[in-house]
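Labels run A, B and C following the written order; every chain starts at residue 1.
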């Protein structure tokens, strides 16, 4: 595999990550969301491995394996078990105005492109162009958390943001130092533990995982 | 060596408490752990005072005048809070709000939280700083929802989600910072070390750092509770158990501000402008104003003091933004006295709401008659909080105001307006709570007096007399943050 | 302009006229096989057309010239489009006019007249079909334009022949932008040719019809022409997709050997594409009309993402 071809495959992976980010934004069914999230993790993992191959940095392979085990296998599995335990597998949420959400999404992509343009110009790396996609993935995850009203969906948005951050780390800097990557993975694991507990708490207290019901704490006038 | 010991103590006690569980003496073990941490903190401080800044553990940890004073403060307040929590949580248990499992969890997480904060303060690595900030959030999320009431769960969810979103932005900023650093320092873990970065800050690419700071500001700013990213703070600080409110307001906000200030120093060093400082000033002032006006509308007593925390953090952020020796000195002092005062107030507020069985200010009455120590320390805490002499807060706010008049005179009226409104709002609400007759629903309570008295004495002393070693430290820290 | 190029032009048009029903027949056959039904074979569309030509034309009393001329206009324009899409050779006399914008406009003319004819008689179903058709096309056209523009960005030109040249005969580069554009194009393709999940070409329920509702009043040779043109449209969209996104093998000049190879490959590609269309049609259910905005919005989104990823990633 030649270097330039590997770089092209990497940018295809970037495009696929962006595509899955948009998919997450408009997918109604929770099971579908989990699948999309797992796919996104897989593309991220492949992309990391490719960057590792291009640059010859071996710690990227470890980070790729970390992604594979966490984002592709463990977290989707945890989510799957949770939604089965809570019996919300078939649940789908009402989404308002998908076209508008998508337009905002596109605007965010353009925004991230402009924001990262000065950084990209300075960079000499093969992967520099994917930084904009990474930031866009973070922004789209953010948008997903803002627009969706289901607790599980918000968590998936949160995890998708984390994917974008990992992707940013590989594309801008060939990966953060190992200690940082491991620490972030540890934090993610604790977060997974916590949201798992949360789903049960919310479900038992409010009888559903719709976060709109949690609107008691407001400034009373 | 002492530094590693300091970190290990709280981690060790977290494990111990997780295993010991709901043993009769678990609260005492908690106090013992925090006390040992405090002792180690003091020892470390003495060492740093005598020997100057140092790196430990292969440059992994780092202490200088700036973080060592925060580390001592953190370990001190966590110790006093542990003392307070012994009596407070006993009452909560008697009321049946927490069971044995929750107590085990509470104690273990309390120590883990202290560990996370100390790690954030003492680490030399910006990546690890991020990780420990996130760890501090995660370890407190489930403490906020400890009571499992609908509002507590809502508050904790908000805390989890909003801080998670915010801190993710900070990680992106850290990636960008690493990107800029790598070009100067080479690839590898060395490039994220504060000791290396601060030496080469002039060579870092300004455009990248400017962008990075926007993300870092959003990220750590969320954790400081700066307006407009403050939504989670009043909820999270008011719905959890009061000891947690005290450490969240008194300590975690400081740690987040510490992270932000470290970033600001790097960015302004790189760009050669005052851009990061200006951003801090803007967000700080906005926080002061918005929080001050929000204070007027509060009904819940803990919620009101959470807004007051936003206001005070705003003042400190604003002062760090101004920069210069006087303002920075004022900001450092403000962080210290605010932390002591606010946790003391939360201690008294916790007891007051236990006595009345509610956190609503309209139903808390006659504190001085009901329990003189709680009542008087509450009123003294308030006097200190709103910046009246002779307490330490007066000194710090006075310094900050002086610097504002000198550096940014046009902003002085706004700052004064914020301070004035906050003063009026808090006083108006608190005055009926402490005075008057004892209401029928008030129940007597054996309160924990030591922590409150200790804190208030320290705040008073800091207003009257600044010990030599402290001012030396502050001067060194001011030099570091130039 | 050489004799070869004129020859390949004529070959293309003939191919379009006589292969289009076979392609439709192929799609129907595969669909029937996949759904476990029996079918009359690939040649059935030819027999249908012949039957319709033999029948008498019945016109409504109030039909105007628009109604009567529409079949001829539709048929003529479709053949013209067949002349300008380079699907067996890039060396065509019409190459100069083979611009994607012109192409999209030609498709718009067809739609315009069909919609007018649908309303001309004044029946309820005709008007309903026309209004639906216009709604859909107003959503589909931007998506289509975006998708082709993405490709023309890569080729640096809006000329179809040039695009085919650059992508088919240039250096092979993996382009994420094209991947997005291809997805968007497939969605537009399904919409424009009236396939499931947008429209059902075999429906008998007037209420769910879109394209069929507009031509409900036609009979005899008029209907034959319109049906034939519809088959050609399916064929044209398919070869357009092939030319833009998978042009490998299309002859660079008009020499017979190249043409033969190109023809062979085209048949193969069309056969595969037919199966893909059937797979989509069998796998999906027809969407409710109100969901179509979402479907076409997605197509537009994909096309735009393709364009953005061209700027960002390439």
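Throughout what follows, a residue touches a chain if its C-beta (ideal position, glycine included) is under 8 Å from a C-beta of that chain, and two chains touch if they have at least 3 such contacts.
The structure presented is a predicted model; accordingly, all values stated were derived computationally and were not measured.
> Which chain pair shares more contacting C-beta pairs: A-B, or A-C?
A-B
> What chain lies closest to the overall centre, CA atoms only?
Nearest to the common C-alpha centre lies chain A.
> What whole-Å value do you get for the distance between chain B and chain C if each is reduced to the mean of its CA atoms?
66
> How many angstrom between the C-alpha centroids of chain B and chain A?
31
> How many angstrom lie between the CA centroids of chain A and chain C, rounded to a whole number?
That gives a centre separation of 37 Å.
> Any chance you could list the residues of chain B touching two or more other chains?
Not one residue of chain B touches more than one other chain, so the list is empty.
> Could you list, by residue number, the parts of chain C that touch chain A in their complex?
Within the complex, chain C contacts chain A at residues 173-177, 179-180, 293-294, 297-298, 301-302, 304-305, 308-309, 311-314.
> With touch defined as at the start, can you tell me which chain A residues reach chain C in the complex?
Counting only chain A, the residues touching chain C are 5, 8-9, 11-12, 14-16, 18-19, 22, 26, 98-99, 102, 105-106, 109-110, 113, 129-130, 132-133.
> Under the definition above, what is the set of chain B residues touching chain A in their complex?
125, 127-128, 130-131, 134-135, 138, 141-142, 145, 148-151, 153-158, 160-161, 164-165, 168-169, 171-172, 174-176, 178-179, 182-183, 187-189, 191-192, 205, 207-208, 211, 234-235, 239, 294, 297, 299
> For chain A, which residues are in contact with chain B within the complex?
Against chain B, chain A makes touches at 57, 115-116, 118-119, 122-123, 135, 138, 141-142, 145, 151, 154, 158, 161-162, 165, 168-169, 172-174, 176-180, 183-184, 186-187, 190-191, 194-195, 197-198, 201-202, 205-206, 211, 214-217, 219-221.
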